[in-house]
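Okay, so chain A shows up in both of these, paired with chain B first and chain C after.
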Partner chain A sequence: MSRPALSTVASALYLAALYGFIFLPVAVLVLFSFQDGRFPIPPFEGPTLKWYAAVFADGKLVAALVNSLLVALISSAAACMLGFTAAYGLARHKLPAVELQRAIITAPLTVSYLIIGLGLLIAFNTLGMPRSLLTVGIGHAVINTPLCFAIIYSQLGAHQVNIERAARDLGANDWQVMTLVTAPMLAPAVLASYALSVTFSWDEFIIAFLLSRFDVTLPVEIWSLLRSGLNPKTNAVGSVVFLISIVVVLGLELAVFARTAKK
Partner chain B sequence: MTARVEIRGVSHRFGRFAALTDINLAIEAGRFTVLLGPSGCGKTTLLSILGGFLHPSEGRVLIGEQDVTDLAPAARATTTMFQDYALFPHMSLGANVAFGLRMRGWPRAQRESRARELLALVSLEGAFAKRPHELSGGQRQRVALARALAVEPDVLLLDEPLGALDLKLRRQMQDELKTIQKRVGTTFVHVTHDQEEAMAIADEIVVMNQGRIEDIGAPQRVYLRPGSLFAAGFMGEANLIPGRIAAAAAGTITLSTAFGSLALPTSTLGALAPTEGRKIKLCIRPEHLKPNRDNSELIGLGPARVVDDAFFGTHYRCHLTSEAQPEAPFVAYLPQTASLTVGDTVALCFDPAAAVILADTDK
Partner chain C sequence: MADLTPFEKHERRKAWAFVLPTIIWTLVFFVAPFALMLVISLWQRIGTQIVKTWNFDNYVNFFARAHVVEGLLNSLEITLIVTVISVMLAYPLAWIIAEKVPHRWQRLALILAILPFWTSYVVRSYAWLLVLAQNGVVNRTLMGLGVIDEPLALVATRSATVIGFVHFFVMLLTLTIYANLSQLSPNYRRAAADLGANPLQILIHVILPLTVPGIMVGAFLTFVLCIGDYITPQILGGNQELVLPQIIMLQIGRRADFPTASALSIILMLVVTAAYLLSARWLKLERA
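Take a look at the complex of A and B:
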C-alpha cells in the first residue's frame, strides 16, 4: 500500500511545483504591492494600501487606465464584428479558395506583434495618420480579428445549417437569419472571443508602444514608470492590471458556463 | 390550406451523378404521400426540389396552378420539417412556432395566440415558455410540426421526421401525424426508408430507386400487386421464382419454372404483356405459402423441408428448402398453430390469386 501513497505524494508535489512556477511571480508582485517601505523586496513589512492610494492619485496612470479600457472594449467589439462576419461568410457562402482565405485571415496569429506593429507604423506614416489611441485600437483589432474569427469559425458547424434553412423557409431574409438565428446561436463563442480579445488588448505593450504618442495605454505608462526604478507603486498598478484581467475572464466563464449548463 | 403538386420531367445531377432521372408525379391536394426508397435513391433530393432548396437540372415543379421552379423556399406555399427538427435553440417553443408569423409581420399578441393554438394541436399546451433542450425527441418533433404548420402552408414536406425516434415512439408519432394531417387537410409529402412507416401513414406510396420511380399506388396495391421487382422486394419479404412465359391463353397463363409448368390466372400478370418466352419472376409473399394442400385452389410446389423456424409472436417465420430448387430457400410465415419442427417435410403450396408475375429485370 505504500507505493500508491508515494505516487500520490509525488503527484501532489508536482502539482504544487507546477502551480508555484506559474503563480509565484504574480503572488510576489501582489504581496509586495502591500509593502510598507520604499522597495518591493523582502523582508515583507506591512501591509499597507498607501501604494494603491498613490496609483489612484496619479492622474497620468488613471488616464492611461481609462484609455486602456476604452481601447480594449472598442477594438474588441470591432474585432468580434469582423471575425464573426468573416467566419459567417466563409462558412455559409460558396467562395473561391476558401481554405486559402481562411489561412490568410488566421495568418497574423503566427506573426510577432513587433512585426505587425512595425508594419502598421509604416502604413500609418504613409497614410499620414498621426499616432493616437485610434491607431492603437486599429492595431489591436488587427491582432484580435484572427483570434475572434478562429473561435467563431470553429463553432459554425453543419448542425446549424438546417436551422438557418428552416428560418429561411419560414420567410426570414439573409439579414434576419444572421441577426435573429445565427448570431444568438453563436452567442457563447462570440462572448468568449470578445472577452479573450479584451484581455489581450488590455495588457498588450509592443503595438501600443509603437502606435501611441501623447495619449498612452496602461502598459506603456507602466513601462515609463519602470524606467525610474522599482517601487511598490509599480507592484500596485501591476496588481490592478492583473485583477481586471481576472474579472474579465471570470465574467466570461460565468456567462458562457451559465449558458452551456442550461443546454 | 392545401394544394396539388405536380412534378414534370424533373431530372437532377450532382456533378456527373444522376440523382433523379425524368421524374413525373402528380400529388392530389390533401393527400398524404410517402416517398419511399433506400438511401441514395433520390427521395430527399426530390423533397429538396419541392421545397426550393435545390433547383432541378431539368423539369418544372407546380404547386396549385403556379410554376414555382424558380422561386425561393420562402416564396413557395411549402414548409419543410427537417430530420433533425432544426428548432431555434435560443428561443422558447412559443417563439419557435410563431417565428414564421413574425417574419410575415403579424403583431405579437396575434402570433402568440396562434402559436398557443398550434402547440395545443400537437398536445404541448403548457410548454409555451419552455426551451427546445428541455424536451424529449418526440416533443421536439411535435414543435417542429407546429412551427411548420403555423404559416398555413399548402404543402408540408417532411424529411424523415421520425428517423431519430425509437421504434415505439415512432409508431405513436405515425398515428399522430396521420391524425393531424386529416384534421388540417394540408398536402403532406413525407420521405422515409421504412416501408412499415410508409404503409402505416400513406394514402399513396411512391417507391423510388436509383433516381427513378418504381411504383406509385395505395399501400395495399403496392404491397400486394407491386409494379416492379424492386418494389416487391422493398415493400416486404418476397419469394421469387424465376421462369419464362410458356403460353398465354384466354384467362390462363402458363409459366415454365424449376417447379414444372404452373398455370395461373391472367390477373397475376398486372400490366405485363404476356409475350411468350419472356423471362419473368413469380413473386409470392411469405404469408401466401401454405404447408399443405387443404384446398384445390392452391398450386403445389412439391415437397420442401423445414430448415429453421423462428417465433415472431404473430406468426412463425420459417425457411424451407424445396427439392426442385434447393439453392434458393423459401421464406414462409406460418400461423401460430402450425405444429412444425425443423426437419419436417411438407407439401409446399401457394395461392395463385395472391401471386404476381413480374418482368425479370435482374441482370
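Take a look at the complex of A and C:
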C-alpha cells in the first residue's frame, strides 16, 4: 500500500511545483502593484492603492484602455459575423470547391501575427491609408475571423438541419431561419467565439503596434511604459489588463459551459 | 453545372451570398497583402527610396549576412529548447490532472492551470522581468537561502527568454494534452492492468503512445507561436542575442527597409511550412 501513497505524494508535489511556477509571475505582478514604494521589487513595503489611482489619473492610459475596448468589441463583432455567415453557408449548402474556400478562410491561423501585421502595414502604406484604430481593428478582425469560423463551423452539426427544415415548412424564410432558429441554437458557440476574439484582440500587441499611430491600444501604451524600467504603475495597469481578461474568460465559462453541462 | 434546376440555382446564389463576403474579406486583407509582400521582397531599398528591381538579392543576401543567419539559428535553437522543455513539464501535469485529480475537480484544476494564459504577452513578459530582476524575487530568495552570494544576471539572457516562453507554452500544452488524455477510453488502462502492467508501465507503454497525436499538435503550435514571437525575446532576452522576429522589426522600425523585412518574413514562413510538412503525418486537424 506504500506505493500508491508514494505516487500520490509525488503527484501532489509536482502539481504544487508547477502551479507555483505558473502563478509566480502573476502573483508578483499583482502583489507589487500594491507596493508602497518606488520599485516593484522585494521587500514588500505595505499595501497602497496609489498606483491604481495613478493609472486612472493618467489620461493617456485611460484613453488607450477605452481604445482597446472599442477595438476589441467592434472588431470581434465583425469577425464573429464574417465567421458565422461563412460557416452557415458552407455547412448548409453544397458549393463547389468547399475545401479551397475553407482553406482560404482559415489560412490566417497558420501565419504569425508579425507577418500578418507587416503585410497589412505594407498594403495600407501602398494604398495611402493612414494608420489608425480602424487599421488596428481590421488587423484584429483578420486574425479572429478564421477562429470564429472554425469554432462555429465545428458546432454546425447535421442534427440541427431537421429543426431548420421544420421551421421552413412552417413558413419561415431564410433570414428568419438563420436569425430565429440557427443562431439561437448556436448561441454557445457564437458567444464563445466572440469572447475569445475579444480577449485575443484586447491582449494583442504586435499588430496594434505596427498598425497604430497617434491613438494606440493598451498593450502598445504599456510597451512604451516599459522603457522607463520597473515601476509599480506598470504593475497596476498590467493587473487591470489581466483582471479584465479573466472576467471575460470566467464569464464565458459560467455562461456557456454551465449551460451545456446542464443539457 | 448546367443541369441545375432553377430552384437549385437560386439556392446556390443564396449560399454564395453567405460565403462570399468572408472570402472577399480574406482575399483583400490577408491574401492580397501577402502577395504584395512577396512582390516587395523582390525590390530593393537604396538610400531612402524603394527601387523596383525584381531580383532575389534580398534572399541571397540573407545567407551573406552573418548576423541574420545567426538570428535564424538562435530562433531555431530557442524554439526547439522551449518545445522540448514545455512538453516534458506539461505532460506530467496534464496526466496528473486527468488521472489523479478527482473527476469533479478536474475542470477547476485545468482552469487554474491556464489562468495566466489570459494575460497579454507584454504584461506576462514584464511580470517575468520583475521576478528575474537583479533585486527580484528569485535572486532575493536564493540569496536569503544562502544558495548564492551575488545576484545572478538573469534578465537580458537566453535563459530569461526560455523561461518566459516555457511558462506560456506549459499552459498551452497542458490544455491540448489534457484534451487528448481525457478522450482516451479507460478500457485501455483496465486491459493493461488486467494483463499485469503496473501504473508506470501503463503510462509508458499504453497511454504515452496513444497521446502522441495530441503531443504533436501541441508541439507544432508551440513551434509556430514561439518562432514568430517578437515580444518575449525583446523584453526578456534583450539585445545581446537577436532572434529572427527582432531582426525583422529592426528593418521596419529603424531602417524602414520593407523589402528586406518582407524577404525575412517569407523565410520565416518557409521555416514554419517545413516544420508543418515534417510533422504533418502526426497532425490530424479535423472537424470535430
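Heads up, the rule we're going with is that the second predicted complex is superposed on the first by the 260 of 263 C-alpha atoms of A that agree within 3 Å, B and C clash if a C-alpha of one lies under 4 Å from a C-alpha of the other, contacts with A are read in each partner's own complex, and residues count from 1 in each chain.
As a working rule, contacts are C-beta pairs under 8 Å (C-beta built on N, C-alpha and C of every residue); 3 or more make two chains touch, one makes a residue touch a chain.
Please read all numbers here as calculations on a predicted model, not as lab measurements.
Engineer: Putting chain B and chain C on the same copy of chain A, do they fit or clash?
Structural biologist: Aligned on chain A, chain B and chain C fit with no clash.
Engineer: Go through the superposed model and pick first if A:Gly251 touches only chain B, second if only chain C, both, or neither.
Structural biologist: It touches nothing on chain B or chain C.
Engineer: Output check: A:Ala167 vs chain B and chain C. Expected answer is one of first, second, both, neither. What do you get?
Structural biologist: First partner only, chain B.
Engineer: Should A:Ile116 be classified as contacting the first partner (chain B), the second (chain C), both, or neither?
Structural biologist: In the superposition, A:Ile116 touches chain C alone.
Engineer: For the overlaid complexes, name the partner, chain B or chain C, with more touching residues on chain A.
Structural biologist: C
Engineer: Is A:Pro47 contacted by the first partner chain B, the second partner chain C, both or neither?
Structural biologist: It touches nothing on chain B or chain C.
Engineer: A:Leu18 in the overlay: touching chain B, chain C, both, or neither? Say first, second, both or neither.
Structural biologist: second
Engineer: With both complexes overlaid on chain A, what's the closest CA-to-CA approach of chain B to chain C, in Å?
Structural biologist: Chain B and chain C, overlaid via chain A, are at closest 8 Å apart by C-alpha.
Engineer: Show me the residue ranges of chain A that touch chain B in the complex, using the header's touch definition.
Structural biologist: Going by the criterion above, the answer is residues 159, 162-163, 165-172, 176, 181, 184-185, 187, 262-263.
Engineer: Considering the complex alone, what residue numbers of chain C touch chain A?
Structural biologist: Residues 11-12, 14-19, 21-23, 25-27, 29-34, 36-37, 40, 89, 92-93, 96-97, 100, 111-113, 115-116, 118-124, 126-131, 133, 135-137, 140, 167, 170-171, 199, 224-225, 227-231, 235, 245, 248-249, 252, 258, 261-262, 265, 268-269, 272, 276, 287-288 of chain C touch chain A in their complex.
Engineer: Any idea which chain B residues touch chain A in the complex?
Structural biologist: Against chain A, the touching part of chain B is residues 51-53, 72-74, 78-80, 82-84, 86-90, 99-100, 103-104, 131, 133, 147, 151.
Engineer: Can you tell me which positions in chain A touch chain C when the two form their complex?
Structural biologist: For chain A paired with chain C, touching residues are 7-8, 11, 14-15, 18-19, 21-26, 28-29, 32, 39-42, 82-83, 85-86, 88-90, 92-95, 101, 104-105, 107-108, 110-116, 118-123, 125-126, 138, 141-142, 145-146, 149, 153-154, 174, 199, 202-206, 210, 219, 222-223, 226, 230, 234-235, 238, 241-242, 245-246, 249-250, 253.
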